[in-house]
Amino acid sequence: MSNKSTFGQIASGVSRRAFMVGGTAAVASAAVLRGARAQAATKVQFMYPVGVSGDINKIVSGMVAKFNAAHPTIEVEAIYAGNYDNTEQKVITSLGVGDPPSTWLPINSALQTFLGLDSLADVTQKAKAGDIYQDFLPQFLDTCVSDGKLYGLPFQPSTPVLYLNRTAMKEAGIAKAPQTWTELLEVAKTLTIRENGELKRWGLTIGGGWHDWIFECYCRQNELVPWTKDKVLFDNPAALDALEFWVKMEKAGVMPKASTWEGSANDFMAGRTAMLYHSTGSLTNLRKSSKFEVDVAFMPKNKVFGAAQGGGPIMIAKKQTDAQLEAAWTLTQWMTSTEVQSQWCRDTGYLAVRKSAWETPEMLAYLKEVPQAKVALEQSAYAGAFLQVPGYHKVREYLKSALDRTLAGEIKPDAALKEANDASNREIQRLLRRRG
Amino acid sequence: MVISTALSARIREAGLAYLLLLPSLAFLAAFTYWPILRSIWFSFHDVVLGDSKIIWLGLENYQRLLEDRLFWKAFGNTAFYTVITIPLAITCALLLAVALDSKLRGMAIYRSAFFYPVMIPSVAAGMVWVFLYSASYGPINKGLSLIGIPDTAWLYDSKWALPAIMVMSVWKYSGYFMLILLAALKLVPSDLYEAARLDGISAWNRLIHITLPLISPTLYFVIIIGLLHSYQIFDYVYVMTHGGPADATNVLTFYIYQNGFQYQDVGYASTLANVLLLFVGGLIAVIATVFGRRVHYLGR
Amino acid sequence: MTTLHGQTDAKTLPFTQEARQPFRLAALKRGWLHVVMVPLALLWLSPLVWILVTSLKTRTEVFDPAAGFLPQVLQWANYPGALSVAPFGIYLVNSVLVTGGILIAQLVTITLAAYAFARQTFPGKNLLFTLFLLQIMFPIYATFLTNFVTVRELGLLNSLPAMIVPFVASGYGTFMLRQSFRQVPTELADAARLDGCGHLGILWHVYLPLVKPTLIAFGIITVVTHWNDYMWPLLVNNSENVRTLPIGLGLLAKSDSGADWTRLMAATVVVVSPLLLLFVIFQRRFVDSFMHAGLK
Amino acid sequence: MAEVILQGVSKAYNGRPTVHAVDLTVADKEFMVLVGPSGCGKSTTLRMIAGLEEITAGRLLIDGADVTHAAPQKRDIAMVFQSYALYPHMTAYRNMAFGLLKTTSLGKTEVDRRIRAAAEILHITHLLERKPNELSGGERQRVAIGRALVRQPKVFLFDEPLSNLDAKLRTRMRGELKRLHKELGLTVIYVTHDQIEAMTLGTRVAILSQGSLQQVGAPMELYMRPANTFVATFIGTPEMSLLRCAVKADGTGSRLDHESFSMVLDADAANPDVFLGVRPEEIHVHPHSVPGMARGIVERTELIGSEALAEIMLGQDRITARMPVADVPESGAQVSLSFDLTRARLFDANTGRALAA
């Protein structure tokens, strides 16, 4: 009895000591690393979200370590900041106390928000000095442009795509993906399964939570960009037409009235829905987690093909020393360089922003293995920025609420869009008034 | 002289009391009262997160709130959630606590089984329930289909999304209230039960007339905490539905978060927070007057 | 002597225990209680079972309706896989330090304050108590902005104390403990005064031992709350060496592409296990402490 | 052991007086009982002596030292509470040791010696390692007394210590307390609402009513010579009967006139309105009509074993008489009454005060 307790004491004593030593070692090694670059290194922070895979944390840390090793005069600190929303909030909170990070990675829609806070460095001249305007895919570069000036560089663009349960399609005798809205409705009808009136499989699900993003794609497929930098155009007939088509699909019983972002992905993997609008970023997850063959197609067109870009650019803070600004620019260029982009694209499923990145041997090999990856790139030729208006968060909520209530049958499409339009424009005006 | 000694004893007593409160008050002042004061000040201004420019608005934010459809929707959702979930969770917790306040075999397992949901991080718990609630392949629907209830996509349906989150809350928080009530049951003197049993009082009546009055201070505490805990619904709304579909699950705390952090509209978020504070404060005052007086303290 | 004591307990306690049951249950009735409780407990446990099972599946098995409930092959690799996304070791140490720091600080502040509220008379008592409650009544997200500024001005950004200081005072704990203190008979305090205790002596020798169940309950609750805190730690901290476990979990509950189910559940198990273990240990202590303290 | 002196000790809560200027001296080795109906201020007075309540006005001296505002532990007293107030988380032994270790610098062996000695006296040696919830009511009581004994204080304070015990146990503990007091020579101040306890235990008894001291004296003195109608009726069961009478001058002396009788008073009485106080055993009941005697009607009779009680209406007044069982009249019977006037007491009908006999 007494032996045992003595043993216990010793054991716990040892483990505590071991713990203490471990802690000290960690601190010490960090200190050594810092000490080594202490003399002249310019310190730069890079704040990033994790959107598609937990491994991104590791990948980014690895990339930054590589960058730091190659640039002895610059010390980059990579800061994981949650999801896109969290990252934006963290950056804006630090902006509020005048202490923003040097660079960060927001969603492209936040461009006007950050411009409103006068927080972005104009990199037009720097970009013109290099090959950026030549090698970057213009549809991606455009997401960083406002009034002809470039603010940051695109880093990890994505778009919604149409995911298809190839196995289910084969069973239903459907050979190819729907190309137009009409075909979409037809295919969805064929793929919908009901037994005794109870639904077993939806033909189509539009990923909820981001369905306003997908709705903008529908507008663009009707040749409407439903916003300019200072107002939204949700009451445009082209938008109304798109919403009426959604209502038509819902009424036809081929898609649910609503869904959630997580839930819809689960539904697809579980075979609850045969087709799914979701981000290109989900490709790896859906492909690896589904038992069946997953195919990716363009979002069907109506008048034209069209898509709105999600994903984000790397932005650079305006208020920092010239040395930091220079270092931040070096980092941004490096992160969007051909080699890094090629690797990043293959690791995460985001689209590479440089033409040259798509032509590296590794990339060509990857596309052979995963031909679906190419679809998003091809579709991105028709893609533009997503809802770059001031106060885009609130505008998104207004639109989502309008879409939801319309599909739930609580309100007519035209009234819903009118309401969302007016509320959004009021909010934008409120913010613009502040600025002016 | 004598009186002044007595008085000084009282002053000493009060002085000691303030001294005991000081550590708490210092931290409350810095991290609660100061934010509340700032929030009151913000609510009369147009304040945008990240922007140092602050514009005087007077009562405009409050006026806006009255006309804000979503505010009223969120207010209604919050009230609905609170009025149903809190009594449900507390009743559930009370029954569990009473059942577990005995020397039942496997007590440790039972206690852990009902308490562990409290420990699951809300991110993970929310995700798990998204799966549980899925149509057709979700276990809940599978279970319900056995008793003939048709498949429902609970979280996709604006009628059912909020009740679904409420059920989940009961799962998550009953154990929490159970633990607190269990601690209180341990303090009930045994001779009272003995006496009542000798008087031939039934188990149910013993619960109502002995147990409940004796743990009433704790029950009172749990009711107030339960009310305040309904704030926690934020986590699940954030993870599971983001307020949708059709704003059916948008609750005030989530709406405050949206305005303050997502929309960066700090002035309006502050206005909402102040209104919520007033509302909840008023509610607590009502509970305190109605219920607080009837609380029995063993220690007189 | 200890053994002797133990025997005394064993002999007398079942009697007291039996006597203090609100429902005296004959063996048969006990059986019935199990009949009710077992299914209920299983119902409650089912999400946990799903978490465990999913943490051991392959990604395709998770949502494949044909795959069956249990994994074909146990995928233990999900665990190292989940842990590899972030330095969970450092996160764990930080979580322990932050949660422990908050717990200790809170126990000190709430004990002192609750005693003053429960057993002392002083001007402004009710007003001050209401002020304590304000802390729980004000939505926490509405304090983040101001507190961020405060923490920054204190020079605490990006440090462990930044995650502790806003939570040092607890209106909640003060309230909870005050309720318990008020249930302690005043005669015990009187007796202690005659035995030469001052206020602090009474608090330490009489009140604290008697409210141990409440202290443990509060401890469990506050540990759980702060162990799982996400938003505030995310906001005030940037570097890996001061981050906590829920941030690591957040990495796997991604926003863009749907969750990484298998690894998320594995990480959840890892994050929850220490708590669960603590609870299982402490709920025993929780029961024991009352057995010896049973107020009369 | 020492003398306790209360000089004009008063207590007011928020300006409302609850104890009025109590003057009381408790002699060394005396067993002083404070008795009175509930709410009379006896417990408050005891708690003021203990130092648990502040003394609003007046002075308190213990063993010559002014301890009016001294902390409880500085007064060298020990107290036994109604609910015993044993620390539930400590064993009986620890309960007894706790205060000793806190207030004195005694070594562990001395503490142990004292506890063992006290336990021996109280017959609780075998209970020392138990916790209060493992003890019966009587055992807890002994431990509580033991806790006071080991302190060897100047004064012992008891606050209704027997009220939680059943009748049989109460009688036994009463005897035990008396034994302890005698054997150990303790100075005791004892609060109770039970006058039998007061009469049997106290060397002297102090009676309180509505915060004021009514009378202090040896039990028999209180019984025989109550200072006022309150004391007269409070002490003794069944209580003393009070007959409303008028005093009238009558040439040579005075007469005491009741509606149903009249008698000669030996002494003069200043007041015309008085109460005549008669104890049950001082009333003689004659079954037959005796001329010149007061006549009453028997309302009710009660046999209580060795003797009997009869309630008799004497005009408007109801009186209680005690008699041998054999002499019990029937209910409704007319009886003649005579009083043993050697112990007759007169009280001022307005102030209730006893008039000089």
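Chains: A, B, C and D, in written order; residue numbering restarts at 1 for each.
Criterion: a residue touches a chain if its C-beta (ideal position, glycine included) is under 8 Å from a C-beta of that chain, and two chains touch if they have at least 3 such contacts.
Computed from a prediction, not measured in an experiment: that's the story for all the values here.
Participant: Going by the stated contact rule, which chains contact subunit A and subunit B alike?
Facilitator: The common neighbours are C.
Participant: If you tally the C-beta contacts for C-D and for A-C, which one comes out higher?
Facilitator: If we tally the contacting C-beta pairs, A-C comes out ahead.
Participant: Using only Cα atoms to place each chain's centre, name the chain farthest from subunit C.
Facilitator: Here the answer is chain D, farthest from subunit C.
Participant: Please tell me the distance, in whole Å, between the geometric centres of subunit C and subunit D computed from their C-alpha atoms.
Facilitator: 54
Participant: Could you state the distance in Å from the CA-based centre of subunit A to that of subunit C?
Facilitator: It comes to 36 Å between the two C-alpha centres.
Participant: Suppose each chain is reduced to the average of its Cα coordinates; what separation in Å results between subunit A and subunit D?
Facilitator: 88
Participant: In angstrom, rounded to a whole number, how far apart do the mean CA points of subunit B and subunit C lie?
Facilitator: 16
Participant: Would you please write down the residue numbers of subunit B that are in contact with two or more other chains?
Facilitator: In subunit B, 10, 49, 127, 131, 136-137, 190, 261 touch at least two other chains.
Participant: Find every residue in subunit C that makes contact with two or more other chains and list them.
Facilitator: In subunit C, 16, 63, 65, 145, 185, 250, 259, 261, 294-296 touch at least two other chains.
Participant: Counting only residues that touch at least 2 other chains, which ones in subunit A make the list?
Facilitator: Those would be 85, 89, 93, 96, 262, 266, 270-271.
Participant: Provide the residue numbers of subunit B that touch subunit C in the complex, in ascending order.
Facilitator: Against subunit C, the touching part of subunit B is residues 10, 13-14, 16-18, 20-21, 23-28, 30-36, 38-39, 49, 98-99, 101-125, 127-129, 131-132, 136-137, 139, 171, 175-176, 179-180, 182-191, 193-194, 197, 203, 206-207, 210-211, 217-218, 220-221, 224-225, 228, 231, 234, 239, 252-253, 256-257, 260-261, 266, 269-270, 273, 276-277, 280-281, 284, 297-300.
Participant: Would you pull the subunit C residues touching subunit D in the complex into a rising list?
Facilitator: 1, 4-5, 8, 12, 16, 185, 187-188, 190-197, 201, 205-206, 209-210, 292-296
Participant: Residue numbers of subunit A touching subunit B in their complex, please.
Facilitator: That would be residues 85, 89, 91-93, 95-96, 98, 113, 116-117, 119, 198-200, 208-209, 256-260, 262-263, 266-267, 270-272, 391, 393-394, 397, 400-401, 404-405, 408, 410, 430-431, 434 of subunit A.
Participant: Can you list the subunit C residues touching subunit A in their complex?
Facilitator: Listed in rising order, the residues are 59-60, 62-67, 82, 84-86, 90, 93, 145, 148-149, 152, 231, 234-235, 238-239, 241, 247, 250-252, 254-261, 263.
Participant: If we count contacts the way the header does, which residues on subunit D are in touch with subunit C in the complex?
Facilitator: Touch list, subunit D to subunit C: 47, 50-52, 71-73, 77-79, 81-83, 85-89, 98-99, 102-103, 129-134.
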